[in-house]
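Structure below; questions to follow.
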Amino acid sequence: MKNTFGNSISLTLFGESHGEYIGAVLDGLAPGIEIDEDFIRSQLDLRRPAGKISTARREADDLRIVSGAFEGKTTGTPLTVLIPNTAQHSKDYSATRALARPGHADYTAYAKYHGFEDYRGGGHFSGRVTAALVAAGAILISALRNKGIYIGSHIKSCAGIRDRGFMDLSEDIERLNDLSFAVLDDAKGADMRAAIEAAAAEGDSVGGVLETAVIGMPAGVGEPWFDTAEGVISHALFSVPAVKGVQFGPAFEMVDGRGSDYNDSFYISDNEIKTVTNNNAGINGGITNGMPIVFSTAVKPTPSIFKEQATVDFMKGKDAKLSLKGRHDPAIIHRARVVVDSVTALAIADLLALRYGTDWLASL
Amino acid sequence: MKNTFGNSISLTLFGESHGEYIGAVLDGLAPGIEIDEDFIRSQLDLRRPAGKISTARREADDLRIVSGAFEGKTTGTPLTVLIPNTAQHSKDYSATRALARPGHADYTAYAKYHGFEDYRGGGHFSGRVTAALVAAGAILISALRNKGIYIGSHIKSCAGIRDRGFMDLSEDIERLNDLSFAVLDDAKGADMRAAIEAAAAEGDSVGGVLETAVIGMPAGVGEPWFDTAEGVISHALFSVPAVKGVQFGPAFEMVDGRGSDYNDSFYISDNEIKTVTNNNAGINGGITNGMPIVFSTAVKPTPSIFKEQATVDFMKGKDAKLSLKGRHDPAIIHRARVVVDSVTALAIADLLALRYGTDWLASL
Amino acid sequence: MKNTFGNSISLTLFGESHGEYIGAVLDGLAPGIEIDEDFIRSQLDLRRPAGKISTARREADDLRIVSGAFEGKTTGTPLTVLIPNTAQHSKDYSATRALARPGHADYTAYAKYHGFEDYRGGGHFSGRVTAALVAAGAILISALRNKGIYIGSHIKSCAGIRDRGFMDLSEDIERLNDLSFAVLDDAKGADMRAAIEAAAAEGDSVGGVLETAVIGMPAGVGEPWFDTAEGVISHALFSVPAVKGVQFGPAFEMVDGRGSDYNDSFYISDNEIKTVTNNNAGINGGITNGMPIVFSTAVKPTPSIFKEQATVDFMKGKDAKLSLKGRHDPAIIHRARVVVDSVTALAIADLLALRYGTDWLASL
Amino acid sequence: MKNTFGNSISLTLFGESHGEYIGAVLDGLAPGIEIDEDFIRSQLDLRRPAGKISTARREADDLRIVSGAFEGKTTGTPLTVLIPNTAQHSKDYSATRALARPGHADYTAYAKYHGFEDYRGGGHFSGRVTAALVAAGAILISALRNKGIYIGSHIKSCAGIRDRGFMDLSEDIERLNDLSFAVLDDAKGADMRAAIEAAAAEGDSVGGVLETAVIGMPAGVGEPWFDTAEGVISHALFSVPAVKGVQFGPAFEMVDGRGSDYNDSFYISDNEIKTVTNNNAGINGGITNGMPIVFSTAVKPTPSIFKEQATVDFMKGKDAKLSLKGRHDPAIIHRARVVVDSVTALAIADLLALRYGTDWLASL
């Protein structure tokens, strides 16, 4: 349903880059979930641009939870997060508003909203809106941890440089969650940053792949048709700006192999059913099997580049040239990470709530 | 909502491999859509196993539309398709029911349904259920064609063999829709079939990638957050059995490049706004831009193989060995194609109906 | 979402009076619910016309459960009920199709479906469709009983004759569920039947009020806004043909009194919180308080009467006269009773599943 | 879905009486709808307590639209209304928090939220939350007017005193919309006010019935099953605090009559199909027939009274006495009126959008 995601637990996003607030309403939360504002802020910090490899726009992200919380815990009623917009540039957007930035939503917003859209700074399409998503997601991430479910993502590749793969998932996730540039191999991370800076120096941008793992999921969650675990998670992931692909396990690699190469054999370990390999990424037939859920998200190179580009003036219906100015990210993959973790938390919390009821998330 | 997909136009799937019927209810259809039963049957034929490269189970797919149609047209009320199951083997499944087939949903069904599932022939997880999906999808595919929207898929790769890419989309789609083994390059198709037969001869299986194009979509359809065109389409695609990955345009390739390589420049052609390239696959910011929607779907190698596999007896909680017998597909990619087209039709019809209303699909 | 009701547990209805089948798909059911086909049939018998006070059309209601059941229990996958239509008259409806029966949906169907509707015998608007609803509802009613939740309705009034009110709810409900003409006071029931026959003799029809009680509901179910217990139940009730009003407790009587007359005082009884009176009908602020849910449903006089009526030919756009012939009910209130029980079961099962999860309904 | 209503157009409500803000997110709005802040404020004024017959709590209702609007018009993205809470009394609620006010949600909130609810001033159950609903509803009411659809309600009865019925709907609606105490007969209104003051003087409260008319609805809107026009409207109405009953037309009166008394004959007038009477309240078979939609809403006597009442301390599990102090409404029916209009606008806008698409509301 449009800007709302989820059935039993649902998130509604609102706000424009140059409006008074961006925000989110999280409904269906169990009462009694501890709200760790420090953790929310630390998640917002991970999303916030920082250093040379990010946009110069800096927001304080002054978070306010204005409903659904009481004495530090969720009440069970809709929880609303507001984040004021404070660092808007007062420049005049109207001069360039009809120059569609290639790879951006300027033209599609115009096609959809007939010119009534708030075009300043990307409007409702601005990555800024993800700050509200991250704040709401942080509450779910904490709650899921209390239930033994942990989510972590690393930059699997950026500008063609590959991080090492996951090894000990529990340790890797714990480590990643403290990093502002989430790589498992520090040396590769340094290479990636250098590549981002090099692209930035040329007025260009880079993309990459995020790999995410979810551990601790019980078996038996998801539906055989339509609300498959993969379908629900991917639906959420494609809301993360610049995401254009999602694969579970090594999907686009498995396609060239045989069943005997990729079937995950089951075995018993300590009275639990496990699989030797995890090519199916913790999901069989759309339903979790208790193994880690592992997926990769393709983040295209940031479309905002400084090089001159051919485009159109969509109001005049004429070809045009565009040279972007201002503040832009040469890469967003390191910032997108925490957004991916947030929507993942939302998707799996909703799947869990359908089966176990909304109270489950706060139960002991 | 579980086994239902879609808001304005919705499809509910039901049935088990060994039940009396599998079926689908399609609701939200505009009244007055012509029902071309020949076309439905031809779509079912494309899905039905045939020849050496498919399972030996053959169903007549004796289609019955038992509601929502009158005098050859949709009435606007829920349209129900029933397909009787007739070719079930009467073998005793109970002996092997607790031996989880690796890569299959036997164990996850047990975890979800506590042992009450109909385990015969894969039950509700059987690929057989897709016959109902294809029948319902055929009605949407025809209706979309009448609105100038065409969908087509080819086997982009199978067993490591690559088909040529799309060239003239309009021609390619038209041609593909008549092929039972949908490749653009016949020689590559012959190689793929040979590779499938070779795998079959070894009791093994292969996978592949389907590439789908949708032409004629108006600009301005989809939502910025959550119900992005990508999110809605991918949600539907992951219901196609064995699909483990989805990418729009060359997503997993773009990640290694730069913004300047992949941004799609706009230009004016005959007073229409187009893009020079189409790396964004017809979608910017979650919303269609009028260019073709193009995506690839990774289909893992069929998990049913005849080689002996290690597994568990999930009721006894013991390790076990499994040697499958019976009828199994060494590849399903050629059959999955029409299922992908069907869910694509469902996803885009729903997106269109949200914006234009449910009557639109039958309007002139 | 149109012909589907419910979120966690959902029911989709389909079928036309003169189609091959009417049916229902019930999704979100817990696995392991016993399916008591005898009980389903007995519920269908209660809905089926019988005797002088009902239509002469008689259907065998040959029920088939074609999915979602295995070895006498629900599997947890969508359960589909089919009921074949067998007693259609083969008369030619086309001559009178454009003569809108006053009080019926003929004209509104035409306005909505542009003339493509199956107009024979009321099509999708036929009360016949409720047979599928009753069959599906019966499964929920049984399951709720196993959880200690009982639903029962009586004909509170018919043709101006009042039944006695509920006294011992538990006893009254048990007794009502076996009656084909559900009154608590047999003498009043005899009067009502006589009044129905009198109206029938004049080619006319009568209406009435059903009063329903639900006992055993836990406190804490329902939502403060929108998905209030009252809102969800009433939404479902207005699908019962001829229902035009719903009140919880003595709502339309309370309006003339004062707060001090109708506030329900709380007290403790055996460590449980109860109310002395139950004017709020078991619901405060949209949420159940553990007391019985009690509501009344106004069923208008059946619109199909034999007296000549003024109407229009909506295809010619001309005034016309209509004299109905054929089989029609002079009253449907006694038959509507079991339909009301069925939609009530659906509404409360869905509310319960949201809070407690879908598995709850079959848990011990 | 809990605190969200609507499919194509949806409203999410949030906030607690003593939180920082109450608010609403309205999604699915067409772009380009004029936002008349004066009208929104005048609607808020109608809801706001005033004079002797309302609570002494006065809020400035300082409205802020923080997203979804640009240059005075809707953008088509989620529109968020915030209203700050400013007039909270700083009294200590904790002493009496466990004393369940009879007729209120204190105990059910506790049962649902396990004691984590914000109990101050009714929390999320406070009638205050309806201010946000009214603000959002005002935008829909204006937009519907531009499409020729008008909504108006009057106090049909209060404290047993009856207003005159609707006569010229168009004139009556126009007149009502300017009145703060919405009666058609001023003398009856004076009697009602006197009755409210009399009840207030005794520390007691009164209830009443609101009658609402919607004119200008096109024929053909609504669904035959479940999403009937009546079902959708009633679902929304039961969110209005103190509403316990809804009837369309004279439903609870028709039940005692015959079909020949209440069937609405059709006739042609100026090439339009109309009905002579309108007992079916503009709806046949769940679908609008183009006649005015007319319904009555039963508002129970306000539960907050000053007379001593028996109750329980639900945390100690003990019987107790309660004497309310502070600010309370002796009647809310005059304030509920604009809330009823608002939810009515929401329900019918959503029904219209499903059929005609979301853009329709702003189209010319």
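Order of writing sets the chain letters: A, B, C and D. Residues in each chain are counted from 1.
Everything below uses one rule, namely that contacts are C-beta pairs under 8 Å (C-beta built on N, C-alpha and C of every residue); 3 or more make two chains touch, one makes a residue touch a chain.
Note that the coordinates shown come from a computational prediction; the quantities given were computed from them, not determined experimentally.
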| item | value |
| --- | --- |
| Which of C-D and B-D has more C-beta contact pairs | C-D |
| Chain at maximum distance from chain D, centres defined as averaged CA atoms | B |
| Rounded Å distance between chain A and chain D, as computed from the means of their C-alpha atoms | 38 |
| Distance from chain D to chain B - Cα centre to Cα centre, in angstrom | 45 |
| Distance from the mean Cα position of chain D to that of chain C, given in whole angstrom | 26 |
| Contacts with two or more other chains, residues of chain D listed in rising order | 1-4, 7, 13, 77, 112, 124, 224, 354-355 |
| Of all residues in chain B, those that touch chain C in their complex | 1-4, 7, 10, 12-16, 19-23, 25, 27-28, 31-32, 64, 66-68, 70, 73-80, 82, 112-118, 123-124 |
| Contact set on chain D toward chain B in their complex | 7-8, 77, 224, 353-360 |
| Residue numbers on chain A that touch chain B, as the complex places them | 1-5, 7, 13, 100, 102-105, 107-109, 111-112, 124-125, 129, 157, 159-160, 199, 204-209, 218-228, 230-232, 234-239, 241, 243-249, 251-252, 254-268, 271, 273, 275-276, 279-281, 283-290, 298-305, 307, 309-312, 314, 317-319, 354-355 |
